[in-house]
Amino acid sequence: MSAVPASAAPGAPTLEVRNLRTHFLTRAGVVKAVDDVSFTVRSGKVLGLVGESGSGKSVTGFSILGLVDPPGRIVGGQILFKGQDLATLSEEAMRKLRGNRIAMIFQDPMMTLNPVLRIDTQMIETVLAHARVSREEARQRARDALGQVGIASPDERLRSYPHQFSGGMRQRVAIAIALLHKPDVIVADEPTTALDVTIQGQILAEAQKLCAQTGTALVWITHDLSVVAGLADDIAVMYAGKVVENGPVEQVLDAPLHPYTLGLIGSVPSRNRRGEPLRQIPGMTPSMLNLPAGCAFRARCPRAEARCAEPPPFAEYRPGRFARCIHPHEEAVAA
Amino acid sequence: MTVFLLRRLLQAAGVVLVMSLLVFLGVYAIGDPIEILISPEADQIERERAIKALGLDLPLWQQYLVFLGNALRGDLGRSFVFNEPALRLILDRMPATLELAIGATLAALIIGLPLGLYAGLRPSSPVSKGILAGSILGFSLPTFWVGLMLIMVFAVQLGWLPSTGRGETVTILGMRWSFLTRDGLAHMLMPALNLSLFKISLVIRLTRAGVRETMLMDYVKFARAKGLSPARITFIHVFKNILIPVVTVVGLEFGGTIAFSVVTESVFAWPGMGKLIIDSINVLDRPVMVAYLMIIVLMFITINLLVDITYSLLDPRVRLEGKS
Amino acid sequence: MSTTTAGAPPAAVPPAARVETPFRRFVSEFAASRLALFGLVLFCIIVLVAVLAPWIAPQNPYDLAQLDIMDGRLEPGSVGGSGITYWLGTDDQGRDMLSGIMYGLRISLTVGAGSAILACLVGASLGMLAAYAGGRTDSLIMRLVDLQLSFPAILAALMILAFLGKGILNVVIALVVVEWAYYARTVRGSALVERRREYIEAAQCLALPTHRIIFRHLLPNCLPPLIVVGTMQVARAIALEATLSFLGLGVPITEPSLGLLIANGYEYMLSGKYWISFYPGIALLVTIVSINLVGDQLRDVLNPRLKK
């Protein structure tokens, strides 16, 4: 993607997360689940937020929606939605945005729909929460949304209970619910992880198409680099609560700056490297409870040196390419 | 479904049979049946005639069959005290007990559900801790003593409510009901509350546990992500999920409530089946005891059957999903 | 927790403080709840009062020679004709309520504990038999347990007493009949789990006699849940006995338990003489609540499933 000057309306970011910190004040200590996360998503674009399990992706998503439950709390940073800081918004104001201007899709479709309520109830209530329309009108919108995500005979489907649907169907319903108010931002938290590959492909293609059509900015959380490669415009790589690399997706995947990104790419099977053994990142994810000072990746990093005991800055090493490493890869590395 | 129903009906019939055998043995084999079934005032000739008429000279297994046959025809003997068929005597008192038990069940839901909901939504607030402590107390307190204390405070000290009896009644469908008159309701208030004490505690605990579990579910978070109001999330998404298990348990407990009304009816002199059975035991009116026992067993089995059928009607997958 | 090393312990640390025996851990975990500790102390005081009643009660409430009918239904704090102060008032016979409660506690506790122990013996044996014999025996016993548990205790007890008549022994029998099932279910459950463990198999391979396996291996491991159920059941038995006595079907007038004392005061309560029922009720309440407090904590400490 070409770099767009961040100034005028058409290219202005819909969502800009700046130095977000969300901590859990547990009895065992402070869990810095999100600790300095920054990224930007523009209208009609897709940002892939990747990182291994426990790196803080979901907490980032919940922070954007204002859905972090105690003992968790946003302790720093800004979440600028069209220039307005969501972190300082009142709960009631935030509720008016949720599901309306900012929607979220969850990881496990089997758990996101209420088992005792019919699909129409769960869809119509979403319409009525944000729009002053008649029930009939609300039902019509629900029907249209189901059609939009490719569900046949929506009228009949509306009268069903979630258990009458397969996982893929349920995720489509969840996506339809997210689309009801044509939101400006959708946060999709690993929405296809629980589904099989063909359905995953269909849903990805549909999501991409819908965003391009409606101009929705999409934050797609995943741990699967191949999904990001096919879907996203930009990528933000998270490690231990921090974004460690950020930039346009082709550039990052072709020439990663951060050793962790390189490790991630190396651990994905690829056609070009058939026959070679997959390269695992050595070591284990650090405990989020007491992270070492300095670079959190230090213990696993092949390029680590004494200076890495100091916290590395999140710096722009090339135009539009940020990394949190004092010793980044300078040129394209054969991955 | 039909197979299931048939099987459950057969099982129920089996339990009734076993219970009838137990009751029969209890009354006819352990006690002296002549003493039980024939009024003590009867003279020798009358006794002989009665023994013949009742078939007490037959072997035990034949007697059991006779007992069973009579029971099937609705003949469970005559009360010595009232000289009326025992069955009719009990059925006459049944409405009083039923309205008390239903009142107690409703009270348990009306009081227990909101308290449990509150305690579940705000688990660490002092009020919630108070509610929980209260529910523990509700499990520990002996019902009859609480009944006495209610009478002491509200009837004797404050004089707000009548202490005993049913008050004014209205006759509908040939049965007398208290809950339709003001006076009757006033009489019913304390006994119903007393009887519901244990159930209120039960409902509070179930609701609280259910709310806490449900609040952690993804679908509640998703409901919040949809921007629904807290009220809608609480009362539709959370409440509806916990209502099914709570109502089921309360339904299953209905038989226990009827049984426990024995105590409450004695405390408040409420003229229901429970008071009748205690009075009958005290004067050893055994036919009434037998009839009461058989009716209670039937009631229990019917309740269990109804609950089972309701369960199988609700799609089992719905419940499976809520748990997984 | 410090680990015990083979080296000589430093002299300053008393050996007992170092070694974490299961019992010590149990004690310290139990004591973690102030409320439970309070319940335990309360319960101990109640038991002491009951045991020592003949020596510490102001009056022997059953010795008619000591009673003065002229002192009947005196308010709490009144001084009787013989100069004795009735701190909790007197009943219609002029009996000191405080003494009556102390003696009543004896009966309530005896019936409660006695029936619990008997029920435990019966239930545990049957539960063990079910677990060990399996097959037909098992399903027959468990059917009985289900039947018993689905039928309300109060009714079963009432019926048994109706047929047997009043009396302390009959009350105990009735309580045993309605309670054995809880013990049987508990023992069978944990015995089945324990049976699958290897050491039982090892013991069986060594061809140890069955009774040894049961008493040396199975039973000790069933003990924790049994203790929990037992504590709760004692409280239940005391409440049930009081209820039965209140209904006039429990203990005889000559040996009044707390429930019967309450029943005796019932008719006077309507005329405002509350104390005859009220104070025995408080004694009953305190007894039951203190046992339940202890039982609740025991369940939390002893139940491994709750420990996460």
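Letters A, B and C mark the chains as written, and numbering starts fresh at 1 in each.
As a working rule, a contact is a pair of C-beta atoms (placed from the backbone, for glycine too) under 8 Å apart; a residue touches a chain by one contact, two chains touch by 3 or more.
Just so you know, these numbers come straight off a predicted model, no measurement behind them.
Peer 1: If each protein chain is taken as a node and each touching pair as an edge, is the resulting graph a line, ring, star, complete or other?
Peer 2: It is a line, because the chains touch in a row without closing up.
Peer 1: By CA centroids, point me to the most central chain in this structure.
Peer 2: Of all chains shown, the one whose C-alpha centre lies nearest the global C-alpha mean is B.
Peer 1: What whole-Å value do you get for the distance between subunit A and subunit B if each is reduced to the mean of its CA atoms?
Peer 2: The answer is 55 Å.
Peer 1: Subunit A to subunit C: how many Å between their CA centres?
Peer 2: 58
Peer 1: Averaging only over C-alpha atoms, locate the centres of subunit B and subunit C and give their separation in whole Å.
Peer 2: 26
Peer 1: Name, in rising order, each residue of subunit B that touches subunit A in their complex.
Peer 2: Subunit B residues touching subunit A: 217-229, 232, 236-237, 240-241, 244, 315, 317-318, 320-322, 324.
Peer 1: Residue numbers of subunit C touching subunit B in their complex, please.
Peer 2: Subunit C reaches subunit B through residues 147, 150-152, 154-155, 158-159, 161-163, 235, 239, 242-243, 246-249, 259, 262, 266, 269-270, 272, 274, 277-278, 281, 284-285, 288-289, 292, 296.
Peer 1: Using the touch rule from the top, collect the residues of subunit B that touch subunit C in their complex.
Peer 2: These residues of subunit B touch subunit C: 15, 18, 26-27, 30-31, 136-137, 139-145, 148-149, 151-152, 155-157, 163, 255-256, 259-260, 262-263, 266-267, 277-278, 281-282, 284, 289, 293, 296, 300, 304.
Peer 1: Using the touch definition from the top, list the residues of subunit A that touch subunit B in their complex.
Peer 2: These residues of subunit A touch subunit B: 65, 67, 95-100, 103-104, 106, 108, 110-117, 121, 125-126, 129-130, 161-163, 174, 177.
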